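A, B and C label the chains in the order they appear, each numbered from 1.
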Amino acid sequence: MMNGIGLHKKLEENTGLLIFGILFVSSIGGLVQVLPSIFQESLKTPTVTTRPYSAVQLIGRDIYIRESCSVCHSQQVRPLLAEVKRYGPYTRAGEAVYDRPFLWGSKRTGPDLHRVGGKYSDIWHRLHLINPRDVVRNSIMPAYPWIAQRAANADGDIQLKMRALQKLGHPYTDGEIEAAPGQLEGLMEIDALIAYLQVLGTSRGPGDTP
Amino acid sequence: MKTEISSWLVFRLLLRPAGVFEELSNTRPDPHIVFFRYLIWLAVLPPLFAYIGAANFGWRIGAAEPLYLPGGDLVIISIVYFFVLLFGFVTTALVAQWMAATYGARHSLGIHFALVIIVAAPLVAGSIIHLFPHIFINVIALIPILIWSMYLLYRGLPIVLKISPERGMLMASALIGYLLVAAVSILGISVAMWGRGIGPSIGV
Amino acid sequence: MFSVIWAVLGMTAGVYVAAELVWPTLDFGQQWLSFGRLRTLHTNGVIFGFGVSALMGTAFYSVQRTCHVPLFAPKLAWFCCFAWQICVLLGGISLLAGWNGGKEYAELEWPFDIAITLVWVCFAIVFFGTIARRRIKPIYVSNWFYGALIIVIAMLHIVNSLAIPVTISKSYSIFSGAQDAIVQWWYGHNAVGFLLTGGFLGMMYYFLPKHADRPIWSYRLSIIAFWAFVYSYIWAGPHHLHYNAIPEWVQSLAVVMSLILLAPSWATMINGIMTVSGAWQKLRTDPALKFIVLSLAFYGLATFEGPMMAIKSVNVVSHFTDWTIGHVHSGALGWNALITFGTFYFLIPRLMGTGLYSIRLANIHFWMALAGTMLYILAMWGAGVSQGLLWLSLDEIGELSFSFKDIMASMPPYYLLRFVAGLVFLAGALLMTFNLYMTIKGRRTVQVQPPEVRSHQV
């Protein structure tokens, strides 16, 4: 133990050694736990039915992020009996490869939305988003009337977004990027958000029922 | 130093705590007597109330209808509750006794049992709310009682264990730290047991 | 000073969002009052506004005293202070406007990511520059913790914020899906670990012995605990992702390391408790010491509850519930806020060359802080365990017992209790703000001389 104290004296008396020591010791965990997953193919490979988001869905997703929806709604069905009964097939990593950032969430003040696609009609979503209490009496979800008043292409950045994602490996064709502003024509933010919600969880892992 | 505690101590505690603290500071009770004559009965009451409430009214855990558990399960739960309480009382007294040296407090196990009685008595009295087992009502009723218990701990500990108020404050804080950890452990252990199939059935 | 302002602003945002969870129409249909925007303002305001300002301020103060030299590059230090405040202020406004990276505690978009990195580099230069110039050979333990704060947060922030900018207000993370999740929680958990835990332990290691006028109880323990802490905390990140779509081995490793982490955390707590237990006479005249003593008890609770919730069989019920929120606040209110309040009550009168304006107000604040914290924790334990149990509950024929809607409809009473708890805690903080303001008003000039260096035996 006294030798240990002697060794530590060196660290304590040398700024550079202390900095290096801290950096070294604190990197180990990241190198072992985080780095391999960056290279793990199964975490980077989309499932057969997973597609990158269309232009409209992408705008919708960015609105979801802007309004911090994932602070109350998770998007991760855990492989637990009760969860699968309540929400549907559990989440596979391959379904999330085009999610930048991931939106699995940490809290359910409202229900999980991972498999919400197709469960409610567009009209239901529209009413619910503009005022949740119109369709769910005791809901504490905030109302989002402003997204029905703002155009989906108000920021004019859809092509910039898709090109950036293309750089990151999303398989968008140049044709799709060209056509994107046209697809947003005449749509409001709420339409884009609904389009995003309706695609959620519609892809499947291997062996899942549709 | 006296070795007997009066039988009416618990009731006097709820009405005139200061006098009780003084009396206990001059008493050196026998741990066996304190345990068998007082602690055990304090541990019996909450499970008893809980059983009666649950059997007659059903547990209301907030959503929809009350939950009625089969009689056999209720008995087992009440017995477990009793032993958890008893275990809690005894370990708290032992932990306090272990801490006593650091703060220069009295060491006798009997007086630490008495300290536990001081803290537990209001909560045990308040557990009568278990007769109506609605979880939120229990929470609302027991929080002020808990605050009262903590107040009794801070005021009574230095007097009963014969140390200065400042050292008493430190020791009481340490004991509260231990109690918080114990409480959260009980939460964690219960939850882990549910996952193993002991308790309410959860689909994991 | 700024830290106190952010504390009040950040906590007010917190109380407001707590109210919105009870009365959802409190946003009056306005975007910038919407729960999503305000909650992000709350978390960023308290962590980066209140927390970092307090850490920077106390680091700059204590590094000078422990090294017996004035600050290296004092103008740069002033720059750090003001530049950071501007980052937090503008960043907060950007959050209200909806600029959001989408990752927890890393919501600020890329211009701010770059700005805070630059300020952080300046922070490092001033801090380590001062240490390099020191007149006492050994570097004191509080500086190891502050140093770890600076180095590790820099590493985590830079990696987790890697993104391709698209417009001034939007960028896309270079990580996606499961990989992004693992990187995010490597960052997120250790932001808690090295900022909210490590940095504040640095604060504790300096101010507690100073306050108590006694040396740290065990030097040897502080060494072992420090390195074990820096090593093991990093691995715990994936316990935020139990039963999620990440590899099993990563989750299991997180469980084991989270449990191991309990040891260095508690070792440090015990070091603090044993140091202060010899200084009990000071409690009579010093309300600030009470705050620090109680903060150690809550530190013990939070650092025990964390590893416990990292165990998969507990996590299966606690994940996604209000229990997690309760855990966060037992640490944030019980440990971080309380020790910072205690440090402010100790430090500011000293800096002002006068006594604290009102000891009585400080004592009242103490009881309010304790009550607010306890109420918060109990309300969230109640809500969280109920939610977790009921969401998973199956009836006799193996079907779900309750609908999600019905379960959550019974939560508002707990949310009301939590709102009251926040209100009480905030009110106490306002008392402190008044008290410190009056103390500053009554200030006298303080002359500081670096002390004589006598020969030190280690």
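Please note the rule applied: a contact is a pair of C-beta atoms (placed from the backbone, for glycine too) under 8 Å apart; a residue touches a chain by one contact, two chains touch by 3 or more.
Note that the structure is predicted; figures quoted are calculated from it, not measured.
J.: Return the chain pair with more inter-chain C-beta contacts, choosing between A-B and A-C.
T.: Spelling it out, more C-beta pairs touch across A-C than across the other pair.
J.: Which chain, with its centre taken as the mean C-alpha position, is closest to the global C-alpha centre?
T.: Minimum centroid-to-centroid distance belongs to C.
J.: Could you grab the centroid distance between chain B and chain C? Build each centroid from C-alpha atoms only and quote it in angstrom.
T.: 32
J.: On a C-alpha centroid basis, what's the spacing between chain A and chain B, in Å?
T.: Here chain A and chain B have centroids separated by 46 Å.
J.: State, to the nearest whole Å, the distance from the C-alpha centre of chain A to the C-alpha centre of chain C.
T.: 26
J.: Which chain C residues sit where two or more other chains touch them?
T.: Expected reply: 316, 392-394, 400, 409.
J.: Please set out, as single numbers or ranges, the residues of chain B touching at least two other chains.
T.: Counting only residues that touch two or more other chains, chain B contributes 202-204.
J.: Which parts of chain A, given as residue numbers and ranges, touch two or more other chains?
T.: Within chain A, the residues that touch at least two other chains are 80-83, 85.
J.: Spell out the part of chain A that touches chain B in their complex, as residue ranges.
T.: It comes out as residues 80-83, 85.
J.: Please give the residue numbers of chain C that touch chain A in the complex, ascending.
T.: Chain C residues touching chain A: 20-22, 24-25, 27, 29, 31, 34-37, 39-40, 98-104, 107, 128, 131-132, 137-139, 144, 147-148, 151-152, 155, 159, 164-167, 170, 172-184, 186, 194, 220, 223, 227, 230-235, 237-238, 240-241, 243-247, 250, 253-254, 257, 316, 319-322, 324-325, 387, 391-394, 399-400, 404-405, 408-409, 412, 415, 458.
J.: Going by the contact rule at the top, pick out the chain C residues touching chain B in the complex.
T.: Answer in residue numbers: 273-274, 276-277, 280-284, 290, 293-294, 296-298, 300-301, 304-305, 308-309, 311, 313-314, 316-318, 371, 374-375, 378-379, 381-382, 385-386, 388-390, 392-394, 398, 400, 402-403, 406-407, 409-411, 413-414, 417.
J.: Using the touch definition up top, name the residues of chain A that touch chain C in the complex.
T.: The contact residues of chain A facing chain C are 1, 4-5, 8-9, 12-13, 15, 18-19, 22-23, 25-30, 32-34, 37-38, 40, 43-44, 62, 65-72, 74, 76, 78-83, 85-86, 90-93, 95-112, 132-133, 136, 138-146, 155, 157, 160-161, 164-165, 167-168.
J.: Using the touch definition up top, name the residues of chain B that touch chain C in the complex.
T.: Touching chain C: residues 61-64, 102-103, 135-136, 139-140, 143, 146-147, 150, 164-167, 169-170, 173-174, 176-177, 180-181, 184-185, 187-188, 191-192, 194-196, 200-204 of chain B.
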